[in-house]
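What follows is a set of structures to go through.
Next, two complexes with chain A in common: one pairs it with chain B, the other with chain C.
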Partner chain A sequence: MRGIEVKNISKSFKDTQALRNVTLTFEAGKIYGLLGRNGAGKSTLLNIISNRKYPNEGYVSVDGMPSAENDEALRKMFLINEMNLYPESMKVKDAFKVTKTFYSSFDEAYALKLSEMFELNIKKKIKSLSTGYQSIFRNILALSVNVPYVFFDEPVLGLDAYHRDLFYKLLIEKYSEDPFTAVISTHLIEEVANVIEEVIIIKKGEILKNQSRDSILENSCTISGTVSQVDSYVASLPARAEVIGSDVIGGLKSVYICGDDGARLPEGLERSTMDLQKLFIQLTSM
Partner chain B sequence: MNINPGQDKPIFIQIAEGIEDGILTGAFPEESQIPSITEFSVNYKINPATALKGINLLVDENIIYKKRGVGMFVAEGAVQKLRKKRQDQFYTNYISSLIDEARRLGISSEDVIAMIERGFSK
Partner chain C sequence: MKKILKYQCFDLVKALIIYYLVILLIISLAVIGMNVAGGTKRSGLGFSSEFFCLIVGLCMFREYFYLFMQNGVSRKKIFAGACMCLVIFSAVMSAMDVLALYILEALPAANVSYMTISSTLYSGYVNNAGPVLRLLVELVISFLVMYVFFVAGYLISICFYRSPKPGKIGIAVGLPLLVVGGIPVLMVAFPDIFARLISFFLFIMGYSDTSSGNPFIGMVTLTVFSLVITGLSYRAVKGTQI
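And then the complex of A and B:
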């Protein structure tokens, strides 16, 4: 089977449980958004999948092979995060060469072309790069490595608006030419909402949502009206619908609903769609 | 073509309607090639599956056709077809919301009609 399977992963550090029985599948050739608040367990999950951290329980398999201590499985994956795996005094251009020795599919010419587009000085030492350029450096590696599974942990950290725009465009271009699995963990939900196809929302180490962006949004809505009207509408909702939050201002109330599209609305109530960021805020509050 | 993620409409519908607008205004003439899925996706920073979903709506309605290995083209008769479709949707898309707002404001149907006539005579 192609894809990455994460099965019953649990991980705890000292007194905190970072991941609780997480089961997920990353299909081949899809772009995922991994969304969660600070400390939700996103980075731990990505580190475990790429064998940089070890789970207390559970296992990960890549295209049917267990990933733990398995070079063949690990060569299919590439993770970028705040960790720098290169010697501090190494220059950018040398880092490209080194990457090529680990990943034969790494396209050095493309990495150099991207460096020019981002105006990254390849003669600079990695440690001397600013936060933004550290991110750019890592993104260039990730976009040039040509492996089936690429994990971007906070890829746009410190990037200005122009560079963020360029990054998303290059990612989509690369993906269109040769689809691979990209998992993007980010706090800038609005920016990735239309880039991703699948959404995974993680909260306190547990998976809250794991479905396609379209299905999650088509089955969510905001209903507004007077308090009494909204309350009686909520009472009439089918069991599968879940009210994930509400706002009251004066006599007006808005409820955020998951699992119902809000069709067939009684007179006087107003329905609007929910965007991914709103949904995320409501689901992960408290 | 303007794609606005903040709008209530799903992006794939916005893509389909944007192309429709292009066909109606003559930006994409009949039998001419339209941009590829990749061009739409990269330009609007949207997932290619979303662009494909939008374009497939138009393929299903025979407004766009695909030539294998070449690209996507505007079908002959697409303008006529779209005009008819938009005319059919005119009531739902424009008139009902106009009436809703008129009711909220207490504007009579006679006043609305007078305003429409004034607009047309401009």
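And then the complex of A and C:
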């Protein structure tokens, strides 16, 4: 089977349960958004998939091979996160060379081209780079490594708007030339919403949603009207519809619904689409 | 595996070259000093190699572990690469030390001798052995001692990395304090126990103050030490997480 399969993963740190029985699949050639609030377990999940941490229970397989301590499986993945694992005294250009040593598919020329585009000084030591440029350095590595599964954990940390935009453009460009599985874990949902195809929402170590972005948004909406009208509409909803949140301002009420079938609304009520950020906030605020 | 080994060897060889340049400088100064001032110097420089090994072992875990984990290498490969690197460096350094010993022995006019563990512990044995056997004993004992120091440093650095903050402080402060202050104080406080411990250590190393000693017992002991510390290091690396 192609793809990454995460099966019944649980992980705890002392008295904190970081992941609870997580099961999901990352299919080959798709861009995933891994969304969750701080401490939801996103980074722990990515660290377990890439063999940096061990789960307490469960297993991960990559293209049918167990990933734990399996060099063949590990060579198919590349994870970047806020932690710099390259020696601090190493220069950027040397880091490119070292990566090329381990990943023969690493495109050094492309990495140099991206460095120019981002105005990253490759003669500088990694430790002397600013927070933003350290993120750029890691993003360049991830975009140039050319492996089937790339995990971006907070890739735009410290990046200005121009560099964030450039990063997303390059990611889409790279993906359209040669599709690979990209998993983007970020807090900037509005920005990433147009890039991702699949959405995974994680809360307190559990997967809340794992669907395509289009289907999750198509089935979600906001219904607004007077409090009594909205309440009676909610009472008439089919069982599969789920009210994930509500706001009341004066006599007006808005409810956020997942699984709405788009039936004709009674007079006085209004249906509007929900964006991914709003959906995320409602799902994770409870 | 070749890539990991190559990267580590190329990285560490700079430190090795600097170390032997410093040793060369010290020997040269000692030779000049002894010839100007007169007298003979029995130099313990050979023992500094063991400390160099310990320090390299202490420094090499975290940086390489992080780099290799970032680049999709499993822990078992990281460990195997580190061990092979330590074996190569132990072999090179033992050859260098034995070479220094022989060169300074061949130059009595230099008035400086370069002592190694084997030439000190088994002086009676190596002085009476044939040239080939002597060379083998010197090389093997030096190699094993250096490997033990390397891998001991490596194990300490993994324990340091894996320890919580109090444990890190304990290792960083406690270990040097124990060596510099604790052991001498305990030696004064419990002289009989320490005398027995030292006798036991010398016994398992095949040292004898009444005969020429048996370096082969030392070889067996050092091999056992190497295997035990290597095994413990493997277990420690396998359980290490980022």
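In this section, the second predicted complex is superposed on the first by the 283 of 286 C-alpha atoms of A that agree within 3 Å, B and C clash if a C-alpha of one lies under 4 Å from a C-alpha of the other, contacts with A are read in each partner's own complex, and residues count from 1 in each chain.
Here is the rule we use: a contact is a pair of C-beta atoms (placed from the backbone, for glycine too) under 8 Å apart; a residue touches a chain by one contact, two chains touch by 3 or more.
All values reported here derive from a predicted model rather than from experimental measurement.
By the touch criterion stated above, A:87 is placed in contact with chain C alone, chain B being left untouched. Contacts of A:74 after superposition: chain C is touched, whereas chain B is not reached. By the document's definition of touching, neither partner reaches A:119: not chain B, not chain C.
In the overlay built on the shared chain, the residue A:217 is in contact with chain B alone; chain C does not reach it.
No residue of chain A lies at the contact with chain B in one complex and also at the contact with chain C in the other. Put simply, chain A touches chain C in their complex at residues 47, 51-54, 69-71, 74-79, 83, 85-87, 98-99, 101-103. Considering their complex, residues 5-6, 8, 10-11, 37-38, 41-50 of chain B touch chain A.
Those residues of chain C that touch chain A in the shared complex are 3, 7, 63, 66-77, 238-239, 241-242.
Against chain B, in their complex, chain A makes its touches with residues 31, 165, 168-169, 172-173, 175-177, 190, 193-197, 214, 217-218, 272-273, 275.
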